[in-house]
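Listed after this line are the structures, all set down as structure tokens.
First subunit A sits with subunit B, and in the next complex the same chain sits with subunit C.
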Partner chain A sequence: MTELTLAQGRVDRDRLLRLLQEYGVYAGVAALLVFNFAFTDHFVSAENFRTQAVQVAPVLIVALGMALAIGTEGVDLSVGSVMALSTSLLSLYLGYGPWAAVLVPVAGGILIGLANGTLVAHLGVQPIVATLALMVAARGLALVLLPQLKDVRDPGMTALGSGDVLGVPYLVLIAVALALLVAFVVRRTTFGRQLLAIGDSRPAARLAGLPVRRVLIVVYACSGALAAVAGVLATARLTASDPTSLGTLMELSAITAVVVGGTPLSGGRVRIGGTVAGAVLIQLLTTTLVKHDLPPSWTQMAQAVVIVGAVYAARERGKR
Partner chain B sequence: MTTETTEADMQPDAVPKVTDEDPGPSRADRFSALAQQHGALVTLLMAMVVASLSFDTFLTGDNLENMALSSAFLAVVALGMTFVIVTGGIDLSVGSLFALGGVVAAWGSQYGSAVALLLPLAVCGLIGLVNGLLIARSGLAPFIVTLAAMLGARGILLAITDEGSRTYLVDKDSFLATLGQGSLLGIGVPVWITVTLFVLGAVVLRRTRFGQYVYAVGGNEDAAALMGAPVARTKIAVYAVSGLCAGLAGALNAAWLLSGVTILGSGMELEAIAAVVIGGTLLSGGFGFVSGSLVGVLLLKVIQNVINQIGSLDSAYQQVVSGAFLAVVVVAQTWLGRRRRVL
Partner chain C sequence: MKHTALLRRTSARTLLATGLLTSLVLTTGCTKSEDSSDSDKAAPQQGDSGQQVASPSAGSGPTCTIDAYGGEKLDLKSATVGFSQSEKEANPFRIAETASIEAEAKKRGVKLLTANAQSQFSKQISDVQDLIAKGADLLVIAPLNSDGWEPVLRTAAAKHIPIVTVDRKINATACKDYVSFIGSDFVEQGKRAADEMIEATGGKGDIAILLGSAGNNVTTERTKGFVDQIKAKAPGLKVVFQQTGEFAREKGQSVTENLIQSKPGIKGIYAENDEMGLGAVNALKGAGKKAGAVKIVTIDGTRNAVQGIVDGWISGVIESNPRFGPLAFQTLDTFTKGSEVAQDIVIKDSAYTEANAQSDLDKAY
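Right after this comes the complex of A and B.
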């Protein structure tokens, strides 16, 4: 009898946790929005929304690639360094025209991603170590190519960084387009299905005859490419290349956005909508604390609490 | 599930080839085991020979002492990390805890050296304990819990230093300063402390029941639980140990620098993990040894030193080389490890 009631209570708690995992991030964004509408001065203005959105864009783009990596039960720690490499390459190739300035960095990101993917897929190295090695190496490479901060003076880049269409900045448009693209790939393509199957169980995927290695390599290459795009956009917005500090701790923000968005670390599931909301949530949290004159240290502690809360909510599902 | 796999793995052994005598492990297998255990040491010795032949300034007392001192703090952090990685976990919070430990020690030094030493141990040990509780009792992924702790600890650090603008100083004549700056028989006190801790760590991991539990949990958690090993308690303990080590290293570093520098420790978790992995400890857990981690730290520092000695090379090359080196080591490890699995 007692056991039965206990079991009943457990089911309810499971359901509550699952609801929290599924929709908690949207509820969090809504709550923060309501709070800011009510209590924050100068929050409701087109200018402010634009600033917030522009700040979210690079994080979101990196988080999309991270979501794919996490979906395969991996992780990509090299994204921040890829952003740095991308900004260095952009500076170096700016003289060869706008296409070279964008394509060369993206190619660089893909190369780093391919290296990650090869280590993970063909050599069987754990993703966390493989991408850690590339994280160190890519940051070094970025600094070798461009030892110090350099201004980027180029009309095309300035337009990319601060231009807009009907009041919506290019950065935001690109981020939204990429989010839609990744969501489509995950939900509607064979590649997306294969990716999720690998995340669910790599041995099972292999036995089912899926091209496990190829899919893994493509996933890390995508993550590298997206991080490189984020690097290009961040450079265009800041109108400067700073390989020393661009993208530091970006891997943490991206992982936070993905995890808070309800994508389990155990793989097999990717939630792009949640990832977008997760990135927005972190940005709103930071803004809220800053606008209410709370020091940056609070932001970090709040972020820590949010991460633990999100993983705790996801834990029942993740354990299985 | 896991038990089945183990049985399946053991099947080939259960049906031994009928031969007159047990052939034992083949030469190739023995070589791979040796390479995994001593590869880092051999590489270190080779690197040192090459470095001392190439640079007159390498094998001088000053240079060696500098390298030993700068290795000491990272080594203590890597020691704690070794315990965590042997259980199959990971601790990303050590860099922040290292910085926090230093600041807390410098702040506490105004109340005497005992406070300055015990306070960072208490604070960082407590954070490590919380990490362990969340990981072992709630079953959260170590990676993400310690990531949150990394952010949280950095936040606490900023909060107690007026957002990083305040640097607490350590009195030059205090006992704490002697601990950081003094030397015994020509070797810095932090180096002695580090060596002592490594001997202690090796004994604990190899010769105590707790050490055996650490290996058992890392080897196969379910099997360890069935065997009656206190899995949760062991896990909690290793994260607490890692926190304690990071806090102590931070305190010693503050004693050496005579101040609690707030910007230290970022990226240190990665260096520590790299050192442990280079030292032969498997990230999948169940296999590893503390002496390897010490060798790993020394190897990283020698590489760093050599690159500094080549004046013409940018220090950025250091990162490229370290990263490439880490990748090579990990690939080798994975191959050797796979051999051992197949065995």
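Right after this comes the complex of A and C.
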């Protein structure tokens, strides 16, 4: 009898934690929105929503790649440095025209991703170590290529950073399109299935004859490419290439968005909708504190609380 | 056998990846950036831009001589000077500072050894010890931190090596642990920024502060000077918003975007460095504001910010002069000849406003 109730209570708590993990992020976003509607002056305006969406776009794009890496039970710490490398390459190749200024940085991001993937898939290096190495290398390379901040005055780039279609900024359109694309890949393609299978259990995936190494390499290449796109967009918005500070701590924001969005660090699941909501949640949290002029250190502590909450909700849902 | 084949394939792929990375590095040889004509002002203008002393005026304040410090007189021309820079030369201030020291050493025909700590304090300590080991007779240090210099000071004291610190002070005894400090008065810079703000806004309305990085003495002193002066001189100005932009343009831009939406009536923005001020300009442009609608006052005196005054977006820039070369070498020269030098040398920073921005644009760094 007692045992039964205990077991019952355990199941209930499991279910509660699962609900919290799956839908907590949406509840968090809703709560912050309600708070801001009620207590923040001038929050409800098209201009404000536009600003928030534009600010969150680069973080979201990086988080999409991070979600794929985490889905394979990996992680990509090099994303912030890839953004820096991307901004350096953009500045250096802008003279060849706008296409070169976009494609060369993306190619650079893919190369860094391939290096990450090779280390992880072929040499068996732990993802956290492999991508840490490339994080240092890519930032270094970025600063060798462009040692100091440089203005970007190209009208095409300025338009990309601040232009819009029917009031929706290009940055937001691109971020939404990429989120839909990644969601489609994860849910509807063989590659997506293979990725999740590898995250669930790599030995099983190998025994089943899946191309484990190829999938891993492609995943890290995608993460690199997405980070590079985010770097290009951030540069266009800033109208300057700043390899010293662009993308610093971006890996932290991206991992937070993914984990808070309900993607378990143990791999095997990728929640793109949750990742979008996770990125929006962090943005709203920062904005709320800034708009109410609270001390900046509070933002960091608030972020820490959210991360701990998310990891707590996920902690009993590892692989069994 | 299968194992060997696998291994070979693995290393082949690794080689491929390495090759790809290398090619990335190599292809950067054929880069082509935009309009290299006017944006490449990396080469700092030197010219008439050496620093002038604001205080002490001759004969006031504590001084130091080589007899009091210990050590022997020497001829600066035949000496080796070691220069330890704190941060990577990635921002205009550090670029101009290092360039100024190097130019002055060249001008005077002094042998100069340089090291850069890349923002790591432990590296700066070993940098300075290396400089001493390599035979530096005199040291010019741009310290990253104020504290933690004991090991270096002990080594230097044992060899009676005179030390001049520039732009930041170290916590030690002048004329015992080091000779002199040469730098700006950051509180004064904040005060002068406040005066500019009062003039630009007419002394009435709501204003915001974009703070520098937390826990940095430059931030606290530039804030203190500004806030105190506003309180004393213009009670009509109210600081309604203080958020950090971490001395970076991107952060200055995002914070300002939020600021102008939540407080649309804001009259002025005080940015504690030029980069954040330029970020604020980006944000105002993005929000469709007109140049001059919100008054911006910044500190540093970089070329981009002074150009901002010419274009009408920025009201005033208080200079923080990074060209320590002439004054540092002059101090060392006087000191090593046996004459007395001041322990605290505060330099005079100029200011850029609408009146002189165009004509003085070339003085900006």
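The definition used in the following text is that the second predicted complex is superposed on the first by the 319 of 320 C-alpha atoms of A that agree within 3 Å, B and C clash if a C-alpha of one lies under 4 Å from a C-alpha of the other, contacts with A are read in each partner's own complex, and residues count from 1 in each chain.
Rule of thumb we're sticking to: a residue touches a chain if its C-beta (ideal position, glycine included) is under 8 Å from a C-beta of that chain, and two chains touch if they have at least 3 such contacts.
What you are looking at is a predicted structure, and each value in this text was computed from that prediction instead of being measured.
With the C-alpha superposition on subunit A as described, subunit C and subunit B clash in the combined arrangement. In the superposed pair of complexes, A:Val290 makes contact with subunit C only, with no contact to subunit B.
In the overlay built on the shared chain, the residue A:Leu281 is in contact with neither subunit B nor subunit C.
Of the two partner chains placed by superposition, only subunit B is touched by A:Leu132; subunit C is not. Contacts of A:Asp41 after superposition: subunit C is touched, whereas subunit B is not reached.
Legend: residue contacts after superposition of the two complexes on their common chain; A:Tyr312 is shown touching subunit B, with no touch to subunit C. By the document's definition of touching, both partners, subunit B and subunit C, reach A:Leu123. With both structures placed on the common chain, the touch criterion links A:Thr239 to subunit C but leaves subunit B unconnected.
In the superposed model, A:Pro147 makes contact with both subunit B and subunit C. Counting contacts as defined above, subunit A residues 115, 123, 141, 143, 147, 296-297 meet subunit B in one complex and subunit C in the other. Put simply, subunit A touches subunit B in their complex at residues 75, 115, 119, 123-126, 128-130, 132-144, 147, 248, 252, 255, 259, 265-266, 295-301, 303-305, 307-308, 311-312, 315, 318-319.
For subunit C in complex with subunit A, the touching residues are 10, 13-14, 17-18, 20-21, 24-25, 28, 31-36, 39, 42, 88-92, 95, 211, 214, 240-244, 246, 248-251, 253-255, 257-259, 261-264, 275, 278-279, 282, 285-287, 304. On subunit B, the positions that touch subunit A within their shared complex are 90, 134, 138-141, 143-145, 147-152, 154-159, 163, 266, 270, 273-274, 277, 283-284, 314, 316-324, 326-327, 330-331, 334-335, 338.
If you check the complex, the residues on subunit A that touch subunit C are 40-43, 45, 47-48, 51, 55, 89, 91-96, 107-108, 111-112, 114-115, 118, 122-123, 141, 143, 145, 147-154, 162, 234, 237-240, 242, 244-246, 287, 290-291, 293, 296-297.
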